[in-house]
Structures are given as structure tokens and as C-alpha cells.
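Common to both upcoming complexes is chain A, partnered first by chain B, then by chain C.
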Partner chain A sequence: MARRRPADDHVVAANKKRYPDTVMAYVMIAPIVILLGIFVIYPALQATVLSFYNWSFYQESEFVGLKNFTDVLTDPKFRASILLGLKFVAITLPVQLVGAFLFASLATAVNRRFADVLKVSIYIPTIISGVITSVIFTIIYDYSGGILNALLAKLDLTTQAWLGDPRLALVAIAAPAVWLGMGLTCLIMIAGMLDIPASFYESADVEGANWWQKTVYITIPQLKNILLYLIITGFVASIQQFELPLIMTNGGPMSSTELPNLFIFNHFRGDPYVGYSIAAALLLFVVLGSVSALIFRVLNSEKLVD
Partner chain B sequence: MAQDLTLARPVTGTATPVSPGPRRRPRRWLTGTLKALAGLFFVVLALFPLAWMVIAGFKTKTEVVRTPFQFFPQVWNVDNYTQILADPTFLSSLGITGFGAVLFTLLSLTVNSMAAYAFARLEFQLKRTLWVVVITTMFIPGMTILLTSFIMVTKLHMLDTLAVLVLPGAAAAIHVFFIRQFYLNIPRSLEEAALIDGCGRWGVYLRIFLPMSKAPFVVVGVTSFLTFWNSYVWPIMTITSPELYQIQQYLASFRSERSSELGMLMAGSALAAAPVVLVFLVFQRQIIANIKMAGLK
Partner chain C sequence: MTAPTRRRLGVGTALLAATALLAACGSGTPGQTADEDAEAGDREVVEFWHHTFTTPENEWYEQAVEDFNASQDEVFVNETVVPGDAWDEKMTAAQAAGTAPDVYPVPGRLNDGVRLGSYLALDDLLPAEAFEQVTDAAAEISQVDGTWYGYPLLLEPQRVLYWNKEIFTEAGLDPESPPTSWDELYEACEQIQPVLADGQFCIETFSDQDTLAWSTVAEQMHVAGHLPISEDWTTADATDPAYEELIEHYTTLYSEGYIPRQSLAAGNSAAPFGEEKVAMITQGSWGMSELVADYPEVVDHTGVAPTITSDGDQTESLTTVGNFKWVLDANSDNAEAAAAFIAYALAGDTDVLLPFFVDTQFTKAPAREDVAEAVNADPGAAEAPWSEVITEDVVPYTIGEPLYPWDVNVAMGLAIQQSMMGDVAPADALAEADATIEQIIEREDLPANRAELGD
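Now for the complex of A and B:
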């Protein structure tokens, strides 16, 4: 406002009328703008810049163009971790969705008190930390004294080194991941089912439809949007899983549980130059960020536009 | 969607009404029992790992993963629980994590609800632009900015302080969005009278909106508390002094440094899980009722 022309006074007055609360609004949003600016927006911009540099904590940085990105994209280890991430999603997501669907069908078909008990129980694992979950599942999987192998032995089946066998470790990490993620999926599914008009089921009952028919012809088609939402958010959440493998196996054995985020995190910790890991993290952001932004936009489009 | 109702020929068999509809079949007790069993199955799957942790906390250190396998401890003893509670680092990490979590929750409620109010009710320049910027931050994965945030807090000399745990995550677009949705649904007529009375915009926020915010505040507050209490990666990157150790950090380092003390580790984990389970149980009704609001429309 240093050089103010007379005409500006008009604009200022008009703006004052159109935006009567500007000062007050800025005071109210200043805290989040400052906090997001310092801890999210600036770091995001800096990450973008650094991905073109050969930056390290200890040295002058040097512009390297797209080298970091080509390094990442041509690295067979990075590609292997992405494939592993997709495999992890392929294990966890179907179990979670089918399990949640069955759970929600049950919870909407029993009396209210029982439904409440079911909902609270299924949601409790959601609030447990990754560290504690890892600790619990590690003793469950223990080779010589864990309850899982004891159970297998009782059934005369072969006991397994769950976290030590490269063929099994990913599945062994998937189980606690499903355990943690199930609650939210179930409750969203229940909310979706309760939204289906009861009259649909009533007319199906009149025609003598059984549970299976009602599921296939009413419930699933009506849940289309909810299912789409759960598939996409589940995909994004699942492929980003990294606390469990970090604590339970640290990516091993033989990188069989080195999911994409853990791969990047281990590069952060290990590399002297951060360009590589930042480029990898940015690629992840471009893909996952746009996927979730898209689903958010589709589901909330009328809310984003005032 | 009447076309979805084109059903195949009715098949005889037990009809299990999905919604409370007319029940005409006599085999009600059978479906009832099946439902109870299925319910029990889910409850056991969900709660068994936690029960297993609590039980293991009563076992001696050799019993936890002993061969031959043993379900219950030979003797139920509370030594693990008393020993871990006697460890000053455990207690101080519970205390400092709890203190930080409360600060974090209060800060999160304050800054996010103020912004939510401004975006819901006030007219100001750059509103749309700022809203888009705020919402965009929601889609930046933590991993993308993990390292540059770390560089930032290092430059700000925040490493190894409580501030590095409390400040960075307090402003969260998802919470602003959630509270704003709630504020948009408050009828304008409620505040118009107050505005005419000269209450002012602050007055409206403090005296009308805040008292009505219980439902979104419970959800945002509990979520913030849990996020702080359960966080592990950020604390191990930024906290090095044992006096500031966060509880998850403590458990993880206990696990690697005293790996033979499994009973104590399980007891410590059970005690560290107890506060969040308690917080959840206290507010479960509101949280469960709001799940839908949080994720979808």
C-alpha cells in the first residue's frame, strides 16, 4: 500500500463492503496458515526443489537436473518395492473389504445392543499404536513358543518361521495391518448399509428373496459409492504402510517386507545425499496425492465450491 | 433404483432378514445362534491380541514364548507390572506423552476450529485461494515431507524439545474441513440476533459456535490425542533425551535393548495402551456416530 493512487480508495471501500470481515478472518486463520506454511507447505516446496539437487547436510549442493528421478525410476530395487507394495495391497484390501462387508451385514441384522458391542469391539484395534501391535504380533508369531505355531502343531500342521521366511513375512505383516485397519472400514460399511432404504428389503422379502439374493441385487449395487471410496482410500493407506515392517522386520528377510515407504525411509537414514529419497517420495506424492485428491473431489464436489 | 430389484425366482431356504422385516420362517433360533457365533468370532478376532498382551504381562520372562507352549501363566504374578511401573523412564515417558498429547489436542482444537469458523462464516479476500491451499495440504503424504520437515525443525533449533512434537502436526486440513462441515450446518438465524445485538464476530464464535461444537470437538480431540500418543517415527527422529522420550519410543527401545524381558515389555505395552482404550471407551458413542461424517458426506 506504499503507492496509493486515488482510484484505489474506491476499490478499498468496495472491498470493505464485500469483505467486511477480512481483518478478523486473517487473525483467525493466521495460526493454521503459519503452522501449515512452516511445517507442511515450505517443506513440500523445498522437497520439490531439492529433488533436482545433490543435497546433503554437510556439503554444498549441486544442481543435477532430472538425475535423481531417472535414478529412482531405473532402480530395480525401487521397482521391486513398488511391486511389493501392490502385492501387499492385493493381500490386505480384499480381506479387509470382504471381512468388513460380512461384519456390516451381521451388525445391521442383529439387535441394537449386540450391534453396539460388535461396533465397539471391532473399532478398538484401530486405536492401538503400530509399536504395540508389532510387539503383540511378534510374540504370536514366535517360532518356538508362539501361539500360532502351537496351534498348528496341535492340528498336525507344519510350523513356520512367520517373520523369518521370505515367502511368509509379507503375509505375516498383512495380518496386523488388517487388524488395525478393519475397524474404520467396518464402520463406514455399516453407515453405508444403514442408508439403504428399508423398503427395498421389504419388497424383496415379499418376493421371498434370500440373503444372498438381497446382497447381490440390493446391498452391493447400493453400496457402489461407499465401496469405491473404501477401495481407493484403502489402497492409498495400505501401500503407504511402513511402521509395522519397520518395527517387526525392518524390511527383511531379504527385502521381502520392504514396502515403498520403508524403502524410502531406509534411504533417508542411510544415504549421504537425500536427492534420491526425496525424488522417490515426490513420485509417491504425485501418484497417491492425485488419486486421493480425485476421490475427495468426486465425493465432496459440492462442498468445495462455495 | 427399482431395476436393482429384478430378483431371480425365489429360492426356498432360510431367509435371513437383513433389515428388520417380516420374519415368517420358523427357524429363527437357528439364524439367531449363527449370528451370535459369527459375532463372537469377530469379537474374538478383534480383542484376542489385546487379551494376549495382558495375559503375557502376567507371565515370567521365560513363559511368554516358552516351549512347550503354555496358554496361561503358571502363577499369575504382577511383578512385570510393578517392575515396569518402578522404572522412572517409563513413568516419565507416560507423563510427558500424556502432557504433550493434552497440549497438542488443545492447540489442535483451537487453531483448527478458528480457521473452520472463518472459512464457514466470514467473507474475506483471498478466501477461495487460501481454502484451496489449505485443502491441498491434506493430500501431501507424510513421507514426502518427512525429511524436509526434519531439516526445518533442525534449522529452527527445535530438536529435542516438546515443541517439535506439539507444533508441526497441530494444524491439520482434515480437521478444519471436518469442523467447517459442522459449522456450515448451524442455522444462520442463530447468530443474526447476536450480531444485531452487537455481539461481533468473535462473540458469535465464542458464545454461539464453541458451545455447540461438542460433537466435532470430541472427534477431532480424540483423533488428535490418539495421533500424538501413538506416534513413533517422528519422535525417534527428533527426540534424543530420555527425559522427553515418548511412550512408543520407550517401548520400541525397551524391545531392542532388553529383548529378554518379554513379560515386562508386554506389561508396559498393556499399560501404554490402557489410556487410549479408556479415552475411546468414554467417547465411543460420539466417535462411532461420527465416523460417517468424517469420511463421507
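Now for the complex of A and C:
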């Protein structure tokens, strides 16, 4: 039997010192890894396999190779839905970020009681279901009985088919999307702003910097990682918007609100085989991953140094 | 044990107890409550899904299930009502999970479902005499290649014209003479518009893409004499100049403000007419039962007529005829029990079906000769003047719903909408529809599917 050397004991002790909680860490992450395996990884692998088949619920599925993918990639309607999704992001995300930033700046500048009122009021839409929001805004936009057209009529302005005109419909569903997403974005920004050391602003005050200079040279650089997070999550949430166009317009008029997820969903519920919609979903996953990676690369996340 | 630990244990125990209690209140059978489980007892359970229909239809479905369950003690039908807009996704998800219902109603054509093996043939599950009374028109939509895959409930024209006689009188028009051609419609709207208030329109016709897709099929046939795909499904045929005229008709209605720029209600609802927001509406024959049930105050000054056509000829390709038939799911474990339910509700005693047609105000055509006789003999038929219009002036001039895939309809619906609402010239919109249909032909191998259907 080999004799245990003092050096071995030293290594074990050092490892224990370096990784004191390794086992506990594995135990702690095990549940989420198992759940991810069951509900994300396995279904994703299964979906990948099914995307190569004409999957039928009643007959033997037929292997079709890459046909579903070529069908999707050569379908101008799929490409149009992706471009529409990017357009929707371009409409909603900047408004949401700038609006939330201004609101957060206001909330951190006023006294605590008023700040609490502001925070609660901006957060309320976040806890309202997207379905209910869709219904509320559909009523607001109603052509012959909606409050918006009633206001326009009072002002002697031409009433609009907010959800029936292809030039207006996407903007009309963007408004509730911004309204729903603003609260959480704003609260995260407030948290980030409160984390910036007050000494930075005190020094700037001493130097005579105005609000704009403090925002550009202190607040925005210090919020860089938070902004990166909000841009990525905002982009993904926005391009994947589903409930609002489903309930408010069902993708119309003229497919002007058929965002990528709704496009896939419409194929899922209408196609005789499910392979096309699975292939489209996987390709959307590739698009989202690529754009997210691009944003990471451009904004270059890094650890802040005080 | 410390106090906080005891408290945590207490809370945990209470949660477990609550979960156990909830589980005990639940049912062991998916889709059933504990009460239904108890009612089903040892009986064979048949899952039956149906859409949400109009109020009288929903009541009939509920009553039919209740009466069937009370009539025997071997089969228990568990009824599930699915909202119309959730039907497709709920059914697709259930089929994927292998939990599709045993029996469910299907509109449109059966050929796609039969090709995919979704339905069981009924020939061996129902007695031969069950099919003897089915009308020819109903048999056509319930059979594929001579085999019965569905048992028909009803036929109903998908387009008739409703007009408000009071508004016609106020506008100086003859309240008994609705327009029959596009030109007459434009003239009538010119006269009607001055008497309308803000928020009122001359006519509500179908204007959203999906509704235009199914509702204009007969119009496409009427103006061009063919549908936008060749008979053998090998080539698209959507660029016929006659279709341009159809598109220009809708563009005129839209640009002149005769129709609202945004649909006032769901595509299959007559609510805008019931609420008197429009002087006329083109809607399925079911619209009358909606008006009688939900807007009785407008019924006495409502006229019903065959739909308006391009040239006023109301004897050819007036409208497609919609239908509902019940099918048996191919994966059903209780096929015989499910067939027994169909035999009771649709193929049995005429007294079971009579309330359906009477309570829907004689707006639907029965799928069986003997039921039609019973409905016509009902005293209420005399008080429903629209019944005669539908059965004599509309039904004989209908065409069947197309056999080709739904996406072809959508391509044409989109072409109409693109020109109507956008700046796309009719010819360009039709060229795009043509290209889309070519793509569908290629993607779904339509020529082979058509060949499988036979003549």
C-alpha cells in the first residue's frame, strides 16, 4: 500500500480551501439543471430531430432531410416576418429604453415619497396580463366606438383604422408593448442609478457640470452593463412578441403585424404537418442567438472599475 | 427543535395537506371533474369537443349530450366546449399529445384529414340505414372516395344579404328591393350615406384577410368561371383579369367609405347590423339566428336576400355552402361507443335534431331529408320568412367549399386586401398570389394529392 505523502495532504487541504463548497454548489444547481434538461434541452433535441421529418400524428412520420428548412428559407413570408420583427424592435426598444431612462432619472432625483409613487405607477402595467392589455387596447382602438377615435372626432380630426390600416397597425400594437415593458426596464435602471457612487456626482458638481454632462459622462457609462442586459432582453422580448398581435390583429391587415412567433404559430395550427413550424422555430432561434451575440460583441461587456 | 423550524415544518405540512386535498377533489381522468367522474361511473367515456357556437346551438349541444347520457347506462359522453379562436391550437396540441377527443365537429372538407389518416371510416360503425336519409349535398361533403368519414349535421350558405328596411325608407329607397349587382349597390350607398350618422356605414362586408379568404371563393368563381388553381392542381391560375374586377369592387367599397376601414366585429358575426351600425351586411345564413337571439328589436325591419353579385345574376355561384359534420378520431379507443353517440344525436330520432333547426330560426338546412320534412312542418317555419329565401333562393345556387388547401384561399384574400388597403395594383397583387399558390403547389405536392382524390 502506497504511503500517503505529506505533499498529498497539502494538495487536498489546498483544494478544500480553494473549493470549499463544490459539492454543495452541485447540489444547489442540480434541480435547475434537471429541470432545464427535461423542459428545455430534451425538447430542443427532440424538435431538432422532428424538423427533419414530415411529422404526422396519425401516420408513420416520413424523413424529408432538409426540406423543411429549405421550405422555410425560401418562403418570402418567413423572411418578411423576421424583418417585421426587427422593425418592431426598432420601434419599441429605443422608446422603451429612453422613456425608462428619463423616468428613472426623475425617480432618483425627487424625494423618497414621490419616488415611491412614481415607481409603483410605472410598474403597474408589468403585472397586468398581456391578454388583458390586448383587449383593453383593442377597445381603445375600436373604429366606431373606441375612445381614441372619439377624441379625434372631438378635435375635428379624421378618425383612423388603428388596427385595420396596414400603415398604422404595427405602431398601434407597439404602444401597448412599450407600456407593458417600461415598468421593469425602469426599475432595473433605477437600481443601477442608485448603485452609482454619489461622490462621482459631487465631484462633477464641484466642477460645474450640468445634468446633460453628468448623464453623458457618469450615468450612462456606469450603467453600461445594465444597458447591455436591457438591450439584449428587450430585443429578445420584443422580436418574440406574440400575444398582442395574436389578439389584437391576428397578424393582419395584410400580414403587417405577423411577427415571427405568430407566423410560426399560424403554421403550427394550420399546416397538415408540423415539421415546417419546428424548422422555422429553430431558424428563429439561430437569428435571435446571432443578433444577441452581435450586440454583446459591439457593446463589449466588461467589469466596472470604480 | 427551534420555534422557526417548527413553524417551517408546520407551513410545509399545511401546504402538503392542501395539495393532497386539491388532488382528492380532482379527477383521475384528464378533462373531467370529480363530479363527472362520479357520474360516468363504470361507463365507457367518450370525449366530445365542440366549438362555441351561437347561444341556441350551444344549448342544443348541451341538451343532446345530457339526453344521451340519461338515455342509457353504458356510455358517458364528456362534453368540452372550446372557443372558436382557440380550436386549432388546442386540437393540434391534443393530437400531438395523443389526447384528441373521440368525436368532434369539422367544417369544410374532409379530404386533407382523410389523406393524413385523421378520421375513422363510419361505414362499419353505423348501420347502413343511418345514411339513407342524408341529402346528396350533405353526402358529398361527408364522404371521400365513397367512404363515409363524417356524419353531417347541417348545411348553411356562407353569404346572404341582410338589409335594414327603415334606413332604406329614410334614404328614399324601396325597402323591399335590395341591390342585386355591384352597380346597384354603389347607387344605393350613394343614397344611403347622407342619412347615416357618424360611425354608421352603408355596408359591412368581409374585409379582413382570413375572412376574405373563405368568403370570396364563390365570387371568384362567379366573376372568372374558375378558381385560382387549375383543376388538376398543377398550376396557379390567379392572374385572370376577371379577378382584377373583383379586387376593384372591394377597392371601391373601401375608398368610397361604403364599408368601414376596420372590421366592426368578428368576420362571422352579424353584430354590426344588430347594433344598427350598418345599413346592410353580407353574412352567413347563421347571422339571422344571431339577430333573433341577440338583437330581436331589429328583426321586424330586417330583410334577407341572396347576396349581391357582379352582374346581378343570382342563379349562379352565389356563395359557398358551409357545413358541419361530426367525425371520429382515428386514434379513438372507444370508436363503437363514440359511434353510438353520433347515431343518437345525428342519425337517430328526428325529434333530437328538430330543436336545433327550430331554435336557430330556420337559418340552416338539415342534412337529412326526414329532418328537413319535420322542420318544414314545424309551425314556427311560417313565422320565419327568411327560411324560404335561404332554402329556395340561395341554397340551390351555392357551390361547395374548395378542396384545395386553405393557404390558397389566404393568398387570394391577401391579394384583395393588398389592393383594397394598400397601393398595390390589382394585377401586381394577383401576380404575387399566383406566385404564392405556385409555391404551395410545390411545397405540398398538390398534383399528387389531387390525383389521390380521384374524380
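Please note the rule applied: the second predicted complex is superposed on the first by the 239 of 306 C-alpha atoms of A that agree within 3 Å, B and C clash if a C-alpha of one lies under 4 Å from a C-alpha of the other, contacts with A are read in each partner's own complex, and residues count from 1 in each chain.
We take it that a contact is a pair of C-beta atoms (placed from the backbone, for glycine too) under 8 Å apart; a residue touches a chain by one contact, two chains touch by 3 or more.
No experiment lies behind these values; they were computed from the predicted model shown.
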Chain B versus chain C as contact partner of A:P43, first or second or both or neither: first
First, second, both or neither for A:F265, with chain B first and chain C second: both
Chain A: partner with more touched residues, chain B or chain C: B
First, second, both or neither for A:W179, with chain B first and chain C second: first
Partner chain in contact with A:L223 - chain B first, chain C second, else both or neither: neither
Which of chain B and chain C A:D165 touches, first, second, both or neither: second
First (chain B), second (chain C), both or neither touched by A:V89: neither
First (chain B), second (chain C), both or neither touched by A:V274: both
First, second, both or neither for A:S56, with chain B first and chain C second: second
First (chain B), second (chain C), both or neither touched by A:N250: second
Touching both chain C and chain B, counted on chain A across the two superposed complexes: 144-145, 153, 265, 268, 274
Parts of chain B lying in touch with chain A, wherever the complex brings them together: 1, 4-8, 10-22, 35-36, 38-39, 42-43, 45-47, 49-50, 52-53, 56, 64-69, 71, 110-112, 114-115, 117-119, 122-125, 127-128, 130, 133-141, 143-149, 151-153, 156, 167-171, 173, 176, 181, 184, 201-202, 205, 226, 229-230, 232-233, 248, 251-252, 255, 262, 265-266, 269, 272-273, 276-277, 279-281, 284, 287-288, 291-292, 295-297
List of chain C residues in touch with chain A within their complex: 88-89, 92, 95-96, 98, 100, 112, 115-118, 198-199, 207-210, 260-264, 277, 330-331, 405-407, 414, 417-418, 421-422, 439, 443-444
Residue numbers on chain A that touch chain C, as the complex places them: 56-59, 71, 74-75, 143-145, 153, 161-166, 250, 252-255, 265, 268-270, 272, 274
In the complex with chain B, residue positions of chain A that touch it: 15, 18-22, 24-26, 28-29, 31-33, 35-36, 38-44, 46-47, 50, 102-103, 105-106, 108-110, 114, 117-125, 127-133, 135-137, 139-140, 142, 144-147, 149-150, 153, 176, 179, 182-184, 187-188, 191, 193, 198, 200-205, 207-211, 213-215, 217-219, 221-222, 226, 229, 233, 240, 242-243, 246-247, 261, 264-265, 268, 274, 277-278, 281-282, 284-285, 288-290, 292-293, 296, 299-300, 303-304, 306
